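The data blocks that follow each hold one structure.
Next come two complexes built around chain A: one with chain B, the other with chain C.
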Partner chain A sequence: MTGQAVPIAPPTPGRWRAAARARRSPLLLLGGAIVSVSLVLAVVGPAIAPYDPIEPTGDVLVPPPALGDIPSLIAQTIGGSLERPVHWFGTDQTGLDIFSRVLAAPQVDVLIGVAATALALLLGTTLGLLAGYFRGRSAGFIARASDVFQSIPIFVLAMIVVVFTGRSTMAIIVTLAILYTPIYLRLTASEVAAQAARRHVEASRAIGNRELVTAFRHVLPNALTPALVQASVTIGWAILFTAGLTFLGAGVRPPTAEWGGMIASGANLLILGQWWPSLFPGIAISITVFGFAVVGDRLEARFRG
Partner chain B sequence: MRKGTSILLTATVATSLLAPAAVTAQDQTQLVILSPDAVAALDTEAPGTLVLESMAALVNLMEPLVEFAPAGTHSEGGVHQLDFTSFEGRLAESWEFDPDTLTYRFHLRQGVIGCSGNEFTADDVLYTFARAKSASGTLGPLGWFMFNTGGVAGFTPDVLAPDADRSLGDEVTKVDDFTVDIKVASQRRLFLPVLTDFFVFIWDSKEMQAHATEADPWSHEYATTTNAPSFGPYCLESWTKGSELTAVANPSYYRGPAAIDRIVFRKVPETANRIAALQAGQAHIVQNLTPRDYEFLRQAGNGVHVDSIVGNQFLFLGLSWNVPPFENQALRQAFAYAIPYEEILSTGYGGQATKWEGTVPSSYVGFHRTDAQYTTDLEKAAHLLDEAGFPGGAGLDQYPGVLRLAYVAERESTLGPIATLIQSSFRQIGVELELDPMPQAQFADRVFSKHDVGMFLDDQDKPDLPTAEYALGPFMTTGGPGNYTLFSDPAVDAYFPAVYEETDPAKQDQMLAEIQEIIMATPNWLPIAEYATQWGVRDGVSGLTWHPDLQLRWYDLKVEP
Partner chain C sequence: MTGYALRRLGVGVLQLAAITVLVFVVMRFLPADPVGRLVGFTASPETIALTRDKLDLDESLPDQLLIYLGLREGDQSPGLLQGSLGDSWNTGAPVVDQIAQYLPVTLELIILAFVAALLVAVPLGVLAAVRGSGRLDAGIRFYGLFAGAQPEFWWGLAFIFLFYVTWQVAPAPLGRLDFLTAPPPRVTGMLTVDSLLAGNLAAFRDAAAHLVLPVVTLAFVLTGPIIKMVRQNVAKAMASEYVLYARGCGLPTRQIAAYTFRNSLAPSVTLIAILFAYMLGGAVLVEQVFSLGGLGQWAVASVLSFDFPAIQGIVLVITVGTLLVLLAVDLLHARIDPRVAR
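Now for the complex of A and B:
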């Protein structure tokens, strides 16, 4: 055996493959970073904010520092020579620190987005599995009910539900979950219908598995991918929707730090030249929704092949 | 520079919106007023009348029998004031009172021609009283209520019973075409002020009857949707529902035609657009801005100034008497001491307000600055909270949903920061409030009708008649029609109706002062601020006069050529 040894590449661990894919897709990397930051802020945002996000500071409508002052203010902040933290994004008409509120808002916006999407995913995939796999009269009813829900303007429906159930985080989560469930139902039902005709499903039946076992153990896992890919996009929608509801006065209660509410309360000040109360939360929500949308889009592209 | 850019953008939008009715330099006698809502109804007994813009139209299209006389003074903010103890004739030229028969005799002005061409006579006065007594409108019998408040004989509560005879009896009689007798059940200081209220302005009976039907003998449909025929200084020219009303000066008006030929009263909901239109010269007067907007206009100049007066607009925190634990006096007082008054005046109103030191607007006849006063004193508040049985706020959690501070969501830009300041201050004594902004309609239904809101912030209420007995009677007596906190104190009730009927002004004011002391010590309304009523006005426009209904009389306005 004198032949030249052929170098064999070591097996690439899964996480290395993911990193390699991410390097090939800078957009996915950017989206992933944004999503990661927003998820981290959803947990620690209020704790790292320089001011209490719902406590007036006494400084009313203070503009953000001039660009030229920022380096020295950063240095003073690091050096600990300032008596009070800088209002990096200024303050609003109540004297609330906008930077602190922008940092704290993901605790509401992202939490609602993630929780509502998770609930919608759970309900939608379960109902979609039943509708797609069994295809009986009840399946037809589920599909029609889903059509009815989707035909109602969702903002109007959401406002009605929130008016009746009260302005609470839980009410918004449940409302959004109900509104988004039909999306997952349809995605899952069509995928389940395609999977149900496959041989491994037939094989499961042939060996005597009950229909429910077959559906949950052999069909659902293979039909979940489109729904999971959709989840990232839905979280972005939900964040936007929550902000929209609060903007219209039907979302979370003031003075809870929430981007939509901050934009709404600052919108009236634009004419007075006080742009900062609405600009910074506007930028924050744009970046966050963009991040979730990009992740969803890239994952979908990968899924479609 | 930044301000300039945003204003320019908004001005461009507003200009495009308003261009069709632009006011040009050549058209000096047209005046454009912008308001956030549109005239909803022109019947004094229709629900749409409660929209402020409807009131604005009514007070200018219709005419009263009497009016408050000018005081000859003006506020620091340049608004002319009235003397609430002195009256001058409008459709009534003069009047006298006979204490033996408790009868007012009104001598009516002759030769007064209304917008429909009809001459004003005693029949119009009788029609107005009869219509009010019919209680036939859909809003509620506000005409009846006003005459009842003024003590007019026959306008008693039993008239409102389902099978009661609501026809006008001998309480109002025609002596001749230009003389009318009005009997009162008792002599009240409120009688003449009542006649200045737009709910009892005089109808043109001939025109109204021309539009009556068997089903609608009092022409409510016509007045609600089409016109308010009367003898006022302006006549309706056009009315586009939900958008705009234009009025032209009545050429036959008995005080002489108005200085401004045409008034355009237009709905522009967005605050920013109203400001931009004013600055661009597309409007002469804008109203219902926030204090911060007015401050901006003041500083910006641009040919615009702000006229203001602290009149009868106030902010208070209402505590419902029927909602536990607010029946606890020490708790209410603790809350009163926890309110951050100074911060509210400076942050919420930008300095355009003063601390309210009583339970009646300070401009009203009979106002008394009470001995009991509440200032921000968190230590005292904490002590009172302890005394109330809730040390450090402990125990309040057994009243779920009660510690919610409700306010009108549409007023968020003004009330939101104030509510947040109160929430923050209460937190310091251990009371955790939840803020509960709700739509105007829901707020009105729950606070004024259902009475199921424990705490609320209200800055839109005001007694229309500028006397203390009116500000207290309907609002603070058991079962009073305006008593929506369901406050009940036998000591206060005991003063009524005697305080209405006291003819010695000194004794009457003494009684009113005692009532105000009781209420302030109790307190169910926590008075916070009296804030300025303001208008953004183009330079060259003058003559703004403050009336307790907050509506400008267009006849008083002047525009410099």
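Now for the complex of A and C:
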């Protein structure tokens, strides 16, 4: 804060710096671990699941094992003395193994989040670069467009597009990408406008580089930070959005393993006291989105001061 | 000031027209088949042709738009300019009536949720900013991050499991009143308000009891972003020179915080207004979990059944609501800071 002495850290070799930072921010470490696990599961989740996530096991509505039995069950699993894998999280009303489905779901939820964010990042930074660099010609239009966009009922429009195009994974990715593009456009445009006034940009122009070369090679790399920092947060939002849409029956189709859909199919059982079908996918969303939010928040604090 | 308000209102009407046309065109371009959904996929070609004709879907796109706007006669007339939003293709009921039924439910839910969220989040945000970089600040930030990243529909279910199924202190999540409670005469459509107007305390207690869990659920996830906004804006104000000066003069932190609070209010209000507007449609998950029967739930049902007039009406009412909220905030700003209006 202003007026207080800020201690200046002695310079440290790069290798140690990362470790030192992580130690100072256990929260970032936690978030990073959550993000890493979810990204790994998005790739290998279905492969390491003990059961096929969309194939009924024949055991209907089996509750998870009692807490006291878990150590011996783990020992037996490791020892290989069990006939079939344990239903760690129980099974649902159609006999699907919930543990396997929770592990497999990132291949839908996290993948959609990452793909939608990557697409929005690509579109938003490109448009933002052009908008910020050629500010004079585009400022009015962008202000007008973002005004209109601000008053669009986003949730309803996203639902219309996803449902009307057949509720495919691709439809959700593209819809979310379009939804999040303006965020990146705005972040990049304002950063580009600040960068474009700098000397090295002037120098690039002075030696005869074309405007677009200057914009992409000398302005964009310096203006990407705010957009990249935002990416983690957006992935979390996209996961929440996907799960919410599917919970409402307007997202990916059953029996695809997807956290929101799993919660929806377990919701009616909850009243009957059968809590496990909706508990575990909910915890998975809660932890995953929190992880992405933490990483985004910590990166933001680091780069924006 | 009046000129500014009128100018903003004019821009708002243009935005509304743009969004109405956009949604109208988008719905008809996407590969959805409302006729098949209505008459079934085994219907005879004659039935299908008849239905298409009745819904004006056999007209060209510009003609359909003109009919909807009320500039041309069609089977779906009267149109917007005659003050009609058309009839739902699902139920046949006028869309206007359905809006009047569902909108107050959502408004009641989100107004109460915002009041609850603000009561918790604003003091926490200010406290975190004023105490800056202590353990308290870290704790509040952690809570805000957590709350802002939660699936509210799952928390709603968790609350139902704890308070209704396990401890049986909350009413069943099956609507806004018990089956045995007679609803108060309809005035605003908000049960808590109507029951008070009718002096019916039993109905008020029942309606309020049914709202506790939904409001808490929604307020919980809303506290996340609100804490973040308030904290950032107050922290920015706390770093300004007049605060340094006030500190130099030896004013107590409490008094300085009061100064900064007023100055950091304006940017926070805008963001909270945007959040409120989003919730007009975004509260759908909580409505669904507690079967409240609000605007969002109606939107889901209409979208899933390709009910074009209903969807169009929902988009219209949410857009109008959003524009009104944003207009009110802009006028408030112009009031606080006359430079804005110029």
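Keep in mind that, in the parts below, the second predicted complex is superposed on the first by the 279 of 305 C-alpha atoms of A that agree within 3 Å, B and C clash if a C-alpha of one lies under 4 Å from a C-alpha of the other, contacts with A are read in each partner's own complex, and residues count from 1 in each chain.
Everything below uses one rule, namely that contacts are C-beta pairs under 8 Å (C-beta built on N, C-alpha and C of every residue); 3 or more make two chains touch, one makes a residue touch a chain.
Since the structure is predicted, the reported quantities are computational estimates derived from the model, not experimental observations.
After superposition on chain A, the partners chain B and chain C collide with one another.
By the document's definition of touching, of the two partners only chain B reaches A:S265; chain C does not. A simple residue count on chain A separates chain B from chain C, and the partner touching more is C.
In the superposed model, A:G273 makes contact with both chain B and chain C. Applying the stated contact rule after C-alpha superposition, one finds that A:G249 touches each of chain B and chain C. Once the two complexes are overlaid on the shared chain, A:A293 sits against chain C while remaining clear of chain B.
In the overlay built on the shared chain, the residue A:P153 is in contact with chain C alone; chain B does not reach it. By the touch criterion stated above, A:G95 is placed in contact with chain B alone, chain C being left untouched.
With both structures placed on the common chain, the touch criterion links A:V60 to chain B but leaves chain C unconnected.
When the two complexes are overlaid on their common chain A, residue A:L27 makes contact with chain C while staying clear of chain B.
When the two complexes are superposed on chain A, the residues of chain A that touch both chain B and chain C are 163, 249, 270-271, 273, 275. Residues of chain A touching chain C in their complex: 1-3, 27, 147-148, 150-157, 159-161, 163-166, 236, 240, 243-244, 247-250, 260, 263, 267, 270-271, 273, 275, 278-279, 281-282, 285-286, 289-290, 292-294, 297. Those residues of chain C whose C-beta lies close enough to touch chain A in the complex are 11-12, 15-16, 18-19, 22-23, 26-27, 30-32, 132-133, 141-142, 145-146, 148-151, 153-154, 157-158, 160-161, 164-165, 238-239, 241, 243-244, 247, 274, 277-278, 280-282, 284-285, 288-289, 296, 299-300, 303-304, 306, 311, 314-315, 318-319, 322-323, 326.
Listed in rising order, the residues of chain B touching chain A in the complex are 2-4, 6-7, 10, 271-272, 275-276, 290, 292-293, 296, 343, 346-347, 409, 412-413, 416-417, 419-421, 423-424, 434-437, 439, 442.
Those residues of chain A lying in contact with chain B across their complex are 54-56, 60, 92-96, 163, 167, 249, 253-255, 264-265, 268-273, 275.
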